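Quick one: this structure, given as structure tokens, is what I'll be asking you about.
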Amino acid sequence: MQAIINRAKELLADGTVARVLGWKAGDLPYNPEPAYFETEEELKDFVYNGFCGANLSKYMIEASKLEGKTMVCLKPCDTYSFNQLLKEHRVDRDKAYIVGVGCKGKLDIERIKKQGIKGIESIEGAEISDEAETLKIQTIYGEKTLPYADAMLERCHVCKGKEHMVFDEQIGESKETKDAERFDEVAKIEAMSPEEKFAFFQSELSKCIRCNACRNACPACSCRKCVFDSNKFDSSQKANADSFEEKMFHIIRAFHVAGRCTDCGECSRVCPQGIPLHLFNRKFIKDIDELYGEYQAGEDTDSKAPLTNYTFEDAEPSIVGKRG
Amino acid sequence: MPLENKEFKPKIVAFCCNWCSYAGADLAGSSRLTYPADVKIIRVPCSCRVNPMFILRAFEKGADGVIMCGCHPGDCHYSTGNYYARRRMTLLFSMLDYIGVENGRTRVEWVSAAEGVKFSDTMNSFVEKIYSLGENVRLGDLRCKQ
Amino acid sequence: MSSQKKQAELIKEISGVNPLKCMKCGKCSATCPSYNEMDIKPHQFVSYVINEDIESLVNSKSLWKCLSCFACVERCPRDVKPGKLIDAARQVVVRQKDQNYLLADEIPELIDPDLPQQLLVSAFRRYRR
Amino acid sequence: MYKIAKENLSALFQLIADNQELYLPVKSAGQTNFAAWSKEAEVDLDTLKTVKSAKDAFFPQSEGLYTVKKEGKKMSIEPESLKEQDFVVFGMKACDVKGLEVLDNVFLSDPVDTFYAARRDHGTIVAMACHEPEETCFCKVFGIDAANPASDVAVWTVGEDLYWKALTEKGEALTETVKELFADDEAGEAAVDAEKEAIHNIVEKLPYMNLSLEGWNGNALSEKFDSPIWEELYKPCLACGTCTFVCPTCQCYDIKDYTAGNSVSRYRCWDSCMYSDFTMMAHGNNRTSQMQRFRQRFMHKLVYYPANNDGMYSCVGCGRCVEKCPQALNIVKVVKAFQNQGGEK
Amino acid sequence: MQRIGVFVCHCGSNIAATVDVSKVAETALMEPGVVHAEDYQYMCSEAGQAKIAAAIQEKGLTGIVVCSCSPRMHEATFRKAAERAGLNPYMVEIANIREHCSWIHKDMEEATKKAVILMRAAVAKVNLNTPLQAGESRVTKRALVIGGGIAGIQTALDIADAGYEVDIVEKTPSIGGRMSQLDKTFPTLDCSACILTPKMVEASAHEKINIYTYSEVEKVSGFVGDFTVDIRKKARCVDMDKCTGCGVCQEKCPSKKALSEFNRGLNTRSAIYTPFAQAIPNVPVIDREACIKFKTGKCGICSKVCQAGAIDYEQKDEIITEKYGAIVVATGFDTINLDKYDEYAYSQSKDVITSLELERVMNAAGPTHGHLERLSDGKAPKEIIFIQCVGSRCSDDRGKPYCSKICCMYTAKHAMLIRDKYPDVNVTVFYIDVRTPGKNFDEFYRRAVEQYGVNYIKGQVGKVIPQPDGKLLVQGSDLLDNRQILKEADMVVLATAIEPNPDVRKIATMLTASIDTNNFLTEAHAKLRPVESPTAGIFLSGVCQGPKDIPETVAQAGAAAVKAIGLLAKDKLLTNPCTAQSDVLLCNGCSTCENVCPYGAISYEDKEVNDHGIRETRRVAVVNNALCQGCGACTVACPSGAMDLQGFSNRQIIAEVDAICR
């Protein structure tokens, strides 16, 4: 973390960048927030630890409009999003000085609390630099420990790898966190009967409160105005009065980002109701991989996206029924 | 056709591209090839004009089946439209299957302007399928069912 | 499914070859060093699989005459690769001999001294695991 | 003071539900929210905070107002009926109960919101003292006592038992219908007092307990409104509505029409001042930037509302926004930011 | 709110016998916006149209629904009728209650119900219709032909003969193309140069044709009727106006080691050169890579010997900008690279040659002056083997998946010519299939076999092995006799696959013309519009569209010319108003729509926008209405709904869906 701060100071001092986009320490042990730093003085609050899960690439849309360059800290998975935004002309590469920061898996406070840990006072072991395999959590109700891996976000268990797809320089070591297959969850649902599938999604989606956090956090959902906010399709809906509407919203949202979604996992991270929204996006990714060849959005900036491409031999839609 | 449930009259929306399938439907008409009146056709310039939102919208408003017809791959009036449509619909249908919507409520069929017979056969078999599946309860808005 | 059909399917599965892609150019036969030793020629292998006459195939001399030099695999313009079909047919025979795989101890007495060394090597390369 | 063993709670719920609707925290797909009780429902009284507050029971996220039907050229209007059935909300916490007071000031003052009023009339609240308050709680800052919820019935958990005390007439009436399941336990007072003290002790240790609201009041309008701090604060905000929708006191709604075949139903649904189309009018929007929208939310909670309600804040310190904001922004950080700024000046 | 009139047609008894037309009209009056409804015997008749006109004027209708036969039948009729009565023609919608209703249903109640729903959907749509105006764009009466081979020359001549100016842009120093390299042509065996040269002369002399040789297209902008093209005229270092074409410079040039492109690298040429004797223009160019003056600064002999003083070492590339109404692509082909086919020993032996090289060997102006000899030792061959389908019909990545189409015929030609001129030479052809569809083609092939005794063997060659004595051992199979063949040959000729000129990809990108996976330009419709690109105003001539022989190429060249003439003959182009439109306030500028547009109709501009008080410059999509054909692919690709299609808007289609599901 100190290395990032030192570099940020240098870049600010020599005028390479006008500001730094990173994270600021919060008032609880686990709530750092995305923040801009414009002076050396402000950088005293800079923090980079296991709770810095937010994908900052989307902030670069606005930062690209600002005067001067922005030094942005991107984790390996965030760089895919940045590339995808670059491909869609939403961010300006020349306005970004990308520091690829290392990652040893990001922590999920919801998951920690789900394991019965409450009244948290301090957390040890969340620093990116230390080698701790266990979190030591001091609470009002006593000290608890938790293996680091048990506190990680879902997305870190199926990590795409710790390589930055785009960067100006890299700071910090990474640690491999992948210990599960990315499509296993999807395959499990695919294997269910239609009734089970329906019941599963019904119970998950009925929690949706249409707060739009998934959409607003999503780097692929970068529309100036979402179709669900405009009256272009007569689809503007602020809340669901019927269970159908969440389905419509989430299916169309997933469809609109199909072939563009990098599977960064922000949607699931930010959902206040813990809906596994990545299951929608990942289903499309799995289908695309299987039907049209492996494709990872954000891996590059010039390949044709699967939905703006075709081959003469593409599968017919009837394959859906045949795959069983 | 087996009409076990006499009460059930399905609503079926068919999107047909102007150049092939709509003409195929016209040919079915002028050849007096019958298919059930449950099918209502919407004319679009090309199958690539069919937005997945239209399909979900139809289900929302109470449709029991949605079918999309376009030119055969390679014959699109706009060269490539149906290739894009094919990918879009494949993914959409796969997603509907994934969330537990019965297979067969949606279909894509390529019907040329010369295939009046295929058009009516397709509609007959699709309607039959929808009758066998019964009312669409998983994808509709309850307010439209009242 | 008849057993012949099953075996044909199995050969296709093992080899990963779609024999229908063959355009009968004969380049495989043209390129084969063991051609004259064979009763069923490499290009004919394809039609035997298509016609599901696996019995003739597995009983042919050719099956064991192929050197697995893969010249035909290399040069086939249609991705049909008769060499792989032959390889797959051999595997079918091997699997038919019940329990699938040989034990190392059983091998010496089964070796025919007339078999080309290359075949042995390629066979082991293929069937280990 | 009555007592009931925790293991007998399902019988209690059954008995309440025999006569009226019962809403209580239910765990579904991993999350605990208020929902109607049923035999199959997985009741969860251990989770301190439901994701959404119990606000839905009185002010649902979406609620029909009336339906217009058309037959031929004839039109008819059918208003949605008001709540007529009594219901019980079990398991609210002191902060949520206070939240209702905030809503009351809005909906029950003239012109009275009849839909809300009907629900308030028919609802009985059984609130639980907070057995183990958490680090995100700061209700004390707003003068709320987590150990003594101001509800119709207050409930305390002590060991394997639940202590029950009616505080209002409604509470008494409810108690009458379920008394058969209770044991009288006057000695319970002591146990409850011990629990209260334990709660108070924990509350004192919470990190936000000493949050100072100095300078935040109905008169602070221009000073706070024009502060440059907002420019810094809002930046990470994604403009989602999470804070609004989990908040027990947010009361803004939008009115929408839904066309269903031959009828149009008009309904209202929660709206969020964080949304770009909040209070969108024909000419456009009166708050054009996210900074303005962000500021609106906190100014409303800490300045505008107190200005109109005798200094009462429209935040109850439940801490849900602290927990749920995707980018870790919240009202505490806002208050602290102004405090620090003040210190530097 | 619209004021809509609904007109229900009986179509005699065609509709009225199964649909209760008066009930449809009555029900229509209940629909929102409908102020008038009537039914009539024949709506399309003059009397019927008069009723529509009268209602428009009397009731002040703003939209019309005609419930009748298919819109494919009478939409245009009713639109014109509405227009005559003063209503925008695009405010008319048809409910198809004949083909889609009365003709396929028997039960009157059922059919009437369906007719009502179809009417309702049409009314719902018209409620959202907006008046549309067909746009106009001007046509520049000048055509550009890219490529100066036989395809380009023929197209240019045909267009010029119709009275329009044509420019030909040719990359090499002379027009003539591949055909100029051929010796004889099948199936008539006339000399290629004898039939091509007059065409070249005619083109160069034509007052309407302007030829830019040694030039390349650099940039294309604009759209159908109004293209602007930058042409780079590469520095020739020879003044075209002064040069007399005497050829002394080439004779005296001391640098003679450059490989002759025209002779496929089989011999050499001077650094200052014209590719061949009949080149047009007959003006040499200096090859700067080979020229001693350019390499060392010393020499300058050509300048000294040039009487006309035409040599100009200082000459620079020149950019010419010109406007065109139509562009014809005629970029032709080349043979594929054989590096991946090592089994045929092409790189190992000089005596393994391609068929195009054989053309040069057989040609009197070629490296051997027309004598058939081995290029390794100059000896006369006794045994020649031809191998077919080298690189054609290959599904792996070494070759091309398609049939090159011309090889069977030219191999028969070569075999025949050799047997004719050198009867003692044995000729063997290894083939997979002999494909000879075409007038007199099979007869030609049979003559090679029957009259000239060419030995055709069905089976591919597996390997060519150069022997120490210089012979070539060919190992092939005879599939009909089921035997493997080992045969010694003196020469092996490979019928090498052809591929589109490698430059075509660059050109297609500039033109936004689509291209298939094999780099052939795609036609607008495989059957019905074979010489047009999907991009309006771009036409295809010759092998750039797909393998073809000379007569086919010439025929296509003429067809492309006719299509171009048809375009140039118009003063103005009326554009279909049902085009896509982008809402600048919603557009993200993400380029997704651009990627699916088959017509290159979408481009991006930085535009000042005022989004509810926020003023900023945004990258937004702009649709060129002259190019857009209205397919709607972009509208679905656009996630924000910024792209919409006029006449088939999102809201219109949704209104139809809602009406049907009601």
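First chain written, first letter: the chains are A, B, C, D and E, and each begins at residue 1.
Here, a residue touches a chain if its C-beta (ideal position, glycine included) is under 8 Å from a C-beta of that chain, and two chains touch if they have at least 3 such contacts.
Source: prediction; values computed, not measured.
J.: Note the shortest touch-path length, in steps, from subunit A to subunit B.
T.: 1
J.: Which chains sit in contact with both members of the pair subunit A and subunit E?
T.: Both subunit A and subunit E are touched by B, D, going by the contact rule given at the top.
J.: Where centres are the averaged C-alpha coordinates, which chain has the largest centre distance to subunit D?
T.: Comparing chain centres, C lies farthest from subunit D.
J.: Looking only at C-beta pairs in contact, point me to the busier pair out of B-E and D-E.
T.: Counting C-beta pairs in contact for B-E and D-E gives the edge to B-E.
J.: Between subunit C and subunit D, tell me the centre distance in angstrom, where each centre is the average of that chain's C-alpha atoms.
T.: Distance between chain centres: 74 Å.
J.: Can you check how far apart subunit B and subunit C are, centre to centre, with Cα atoms defining each centre and the answer in Å?
T.: The separation of the two C-alpha centroids amounts to 48 Å.
J.: Using CA atom averages as chain centres, what separation in Å is found between subunit A and subunit C?
T.: Subunit A and subunit C have C-alpha centres separated by 50 Å.
J.: Counting only Cα atoms for the centres, state how far subunit A is from subunit D in Å.
T.: 30
J.: Quick check on subunit A: which residues sit in contact with 2+ other chains?
T.: 225, 227, 233, 241, 307-309, 311
J.: Which subunit E residues touch at least two other chains?
T.: 596, 637, 650, 654, 658, 661-662
J.: Would you mind giving me the full set of chain pairs in touch?
T.: Applying the touch criterion to every chain pair yields A-B, A-D, A-E, B-D, B-E, C-E, D-E.
J.: Which positions of subunit A touch subunit E when the two form their complex?
T.: Those in contact with subunit E are residues 65, 87-90, 222-227, 230, 232-234, 256-257, 304-305, 307-309, 311.
J.: Note which residues of subunit E are touching subunit A in the complex, please.
T.: Going by the criterion above, the answer is residues 517, 583, 585-592, 595-596, 604, 611, 616, 619, 637, 639-641, 644, 650-651, 654.
J.: Using the touch rule from the top, collect the residues of subunit D that touch subunit B in their complex.
T.: 258, 260-261, 263, 265
J.: Inside the complex, what are the residues of subunit E that reach subunit B?
T.: Those residues of subunit E that touch subunit B are 70-73, 96, 98-101, 103-107, 110-111, 113-114, 117-118, 121, 514, 522, 524-527, 534, 578, 596, 598, 629-633, 635-637, 645, 648, 650, 653-654, 656-658, 660-662.
J.: Provide the residue numbers of subunit B that touch subunit D in the complex, in ascending order.
T.: 61-62, 141, 143-144, 146
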